[in-house]
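Chain nomenclature is as follows: A, B, C, D, E and F, assigned in order of appearance, with residue numbering initiated at 1 for each chain independently.
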């Protein structure tokens, strides 16, 4: 039994509040336990220099935390004058994950900007960001369809992410909150599609190691957690979701 | 009659949601019409170098906007690697305003960090920040009292802020939303105390000027708006508020 | 009676040395008591991106202090790698003030760069900068007229600035020097036009507040000080000044 | 058959030149095919602030590429004024990987600085850096032992890293060179210990996904490649290596 | 005959206005033709970390140009967020030159900060800075003597600098103004002491070269120019100068 | 006799390994005693803005040291976020030296980027960089000739550099290693062409001065050292070198 009463293979309560903000083309407030992230998607009608004239689109992401998303106040990266390594790592991960399910040619020469701003952190902010960002992106992209600006819906499949880990006692657990994450010997973030394929798998021993068997068990645990998240995404995206993964002519 | 149905002297609907986040010592989500700001207050048990050993405390503030708080996406200041002039101006204003009602000696050698993060912007983000930050600060400081760490409650009076302006047609209006603010000929931000005294008065002609009579009428309009805001603060701070401005021995 | 023998409503000696430097299109050395600022105006034949193709011009300002303009050496902002909040606030104020009296359409698609470099500081550097910059700008713009590059003289009115304040003893005083400014309870900067209208009014209680009556008295004091400064500007700009505010056809 | 004649499960030629530089406590030049990295280890007799007084040591890493390590000249990060996201990700990975096999308490309050400078890049620079850095670190740490500054040898096990990937045609390959890496659908970096346990596993679909079966096959491929690398490390570290992983009393 | 009527071996008119500013311990305005530099010297009662506890002092310099010191407006280094290569080169040169005539032990553990701010540039700003900075430093240091804070006057000799060059036509000229400097094939800056010894010699072919004979002739030309400058320094420093180079017991 | 057995007028062993890297158009590893520098030359088919459309080319240089090129680890300039003054001074020197022997018109509108990365430092890194960079540049430029992209070979003469100095005992020595350089009273860097003309002469008294006679003797010493270096360059550049300095029609 865990601190908050969950069993090892249980995820935290999840809510995804759609259209949380009035300005962005797509936005959600995702809550995973006490972790809360505002995810927005912005459509920009141009692409970075390396894609100009290619006919291809791009998806990129930025991630940040409010100073008091955390127990101790964290200094703003704007005050420090630079974006830290952890932030860079996370925002690169979010962008890469989104691109794995987007048909960039079908998107056309436009950029989807994903912004994930953690307003309250309690572990799993990067995976909550991915799960929420996918919904925000889907809403934003669906507005392009309704404006007939796309020939084909460019999102190929659902996408969600969760963390799994090994405690110091060797127990494998799903969806770690902050105290669990801080104490974990092994920490793994998994990003998967609706079809159950991997997009990203990042397992890290924190001054510790893990065996092949543990790797397999962790991955299985993550899989079950992600299926539940995708179920929630399907509900939230009821209207939009039917277009995801639709083949041409369907 | 204004775009949203208000008369010239009417403020927008205001709500202040207390204890919005779990981690900070004080936090609110303030909404003024569509403008929404998360204000938090953090108590740090030390002061900047210039006050060390002085027995005095300090109050300082930081302000930021999420990239999609605005209609067009705004680039993050952390990505640009520096804090812009507008942000600096606003955060200096917030800090100065708070300090005007705080007895820094009574606070003792500790710093109150105010963080105002605009999650949705529709005009008046700096004045909403001040009005919300005052509540967050009061909650945070009251926790020090309940821990018996203060001899005297260091907040001397209520404090709130509002904007007033002159339209291009010369009409004086209260609490400008974003379209009104963009079009205004004159824009004035007023910060006042519960006792009705000024803390800050910033009137600016935007490629325009204003007369002494207009100055007086604008100030009067602001005064009425601020009294209403302080009424709302009093309700939200019901338990804590009785300590504000209390003299020693009371 | 004040430290330097002035009465409360007396300004400091002011001199404006025209054409102080050989390179800029307009330049002055303004001295207000011991405060000395080199103000230059540069005409650039292009505008910032947001105005390209608009037919409109722009006026922008930068402000800096030599390290030993002050009693203690101040670290250079170039060495610190960033421009501080106070500098940003002042340079934004100077630019905004100039734009209030410039007809940007009449200026055409060009930028006036104002540079104010304080070589000696003794209080009131921002107001001295505005008063001096107006003269430098007028000279620079007049050279465009003489080259027949303008249809209409784009400066609509004179413009000057002064500070007023309330001492800790509650006396209202004009044109504060540095020791007075450091000790003042309330500090107000006022920018006005030749026609006696306000362009900018920034009153700030320094851990203090002020009443409506004090506001009115301070503004009145400022008004008299500014009229004197504009008188001096008129003399210095003898030849150029006749074009200021001239209507078409005059 | 691959471009350079290797079969899918074959690694590139590897050499590790020990004591490549005269100044550092430990240094190697590692070549993996055409990828060449100078890895150095520096012992500093102090730790970062968060560890002061803890009795624990620390291992941290920095990574960089010469501008012409690559086919096209890459701009220096010092000229751009900031360290990019890719660099940060890699140097965090290297540091974390080293720490997984170091007993930080046995190291005592000192820091091992790892520097990996790529002088020629042809794919796999981060894995070559880890493999080389481990050797440099072992040499540097062994000098502490010979000076009797350590009670116990703080390196618990060998450590090496390799990349594996899936080509666009779906073939799984070991130790990708740059053209293979650029074209790969899936790219996985694996860091393992001499005991065959995982320290880090980072699998990424580049606008593509991978199945659980593929994950398992890739991991197996990596395992064989890493065993070979550790064999080479053992030879290079002949004298020093006997201390690695030695239990107290051995 | 040169543009401004000088012969090849003639320097420009030089004036050094002492005590130009009220705040610094030492200050001058030096004019060399149209080149005008404000030089100040600040005494700080501490030294950089590498000298703490050594009993030795330090002299360091910073150099800057006002944006309109030049014909075209130069962007401020504070706005660009970094100090350029040319500035760094010049301020390192100024500091090194001063240190060559200062007995750092006699100075004691204090730092002399030299600030050279070019308000008008017409060639030779670095050499004018050195010549002026020497005077400012001497005044500042003499105040320490009068306060009895020094056992021995720490300035060993006079110091001044001048530029010489070779025109495209092969003529060797003294004290180049800006048009001459821009067109010169060879440019040499020479810093010498009152005793006629070299402190710094920097000869540079600008896409050109120079022979040994030319080197000797240039150096001789510089020598005569520097003697004249030191003569002017002696006059300006009448009272202070008697201490320069005085042996103990004198 | 010096520490390493050399007489005062003896240079250190020099080797220049050509085509050290596979990617750059020109590259060498130059060793001068224990000083080792990787020099590369990159041809970019465009020029900086100030030369666009001029028909002229450009040569520019960057210089850096690996953190452990030195006895103590040096912090990376990328981590500090800015390039230091010493680095700037050196890279400006290298660029300027190269340009002195390049006919920029014959080069055409392209840029030669020189990168000098010191992998091991033992004094004389800037002069070794120049000597090595000249070879790398010659190789890179000769590839343009063989591609018939040039009408005329744009390198006019050989170019090499060496340091000379005066010890504290007053002995003049050639090619200082790091301990000699640190202790020297006077330090002079000399850059010369194959024809024996000066390109750059930088003599600096380190808290010391030098006489005219010493200047002459130092220069003579440098001359002999440079002739030897150019002899080595001629051998290394056997095939390419015949084009250097060839007149049209030859």
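One rule holds in what follows: a contact is a pair of C-beta atoms (placed from the backbone, for glycine too) under 8 Å apart; a residue touches a chain by one contact, two chains touch by 3 or more.
All figures in this text were calculated on a predicted structure; none of them were measured in a lab.
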Identity of the chain that, by mean CA position, is farthest from chain C: D
Taking each chain's C-alpha mean as its centre, the one farthest from chain E: A
Chain C and chain E: spacing of chain centres that average the CA atoms, whole Å: 34
CA centroid of chain A to CA centroid of chain F, Å: 51
Chain B and chain C: spacing of chain centres that average the CA atoms, whole Å: 28
Where chain A touches two or more other chains at once, by residue number: 81-83
Ring order of chains, beginning at chain B and proceeding to chain C: B, C, E, F, D, A
Chain E-touching residues of chain F, taken from the complex the two chains share: 82, 84-86, 88-89, 91-92, 96, 99-100, 102, 104, 188, 193, 195, 197-212, 215-216, 219
Complex contact set, residues of chain E against chain C: 21-24, 27, 34, 38, 40, 42, 44, 62, 64, 66-71, 73, 76-83, 87, 113, 115, 117, 119-121
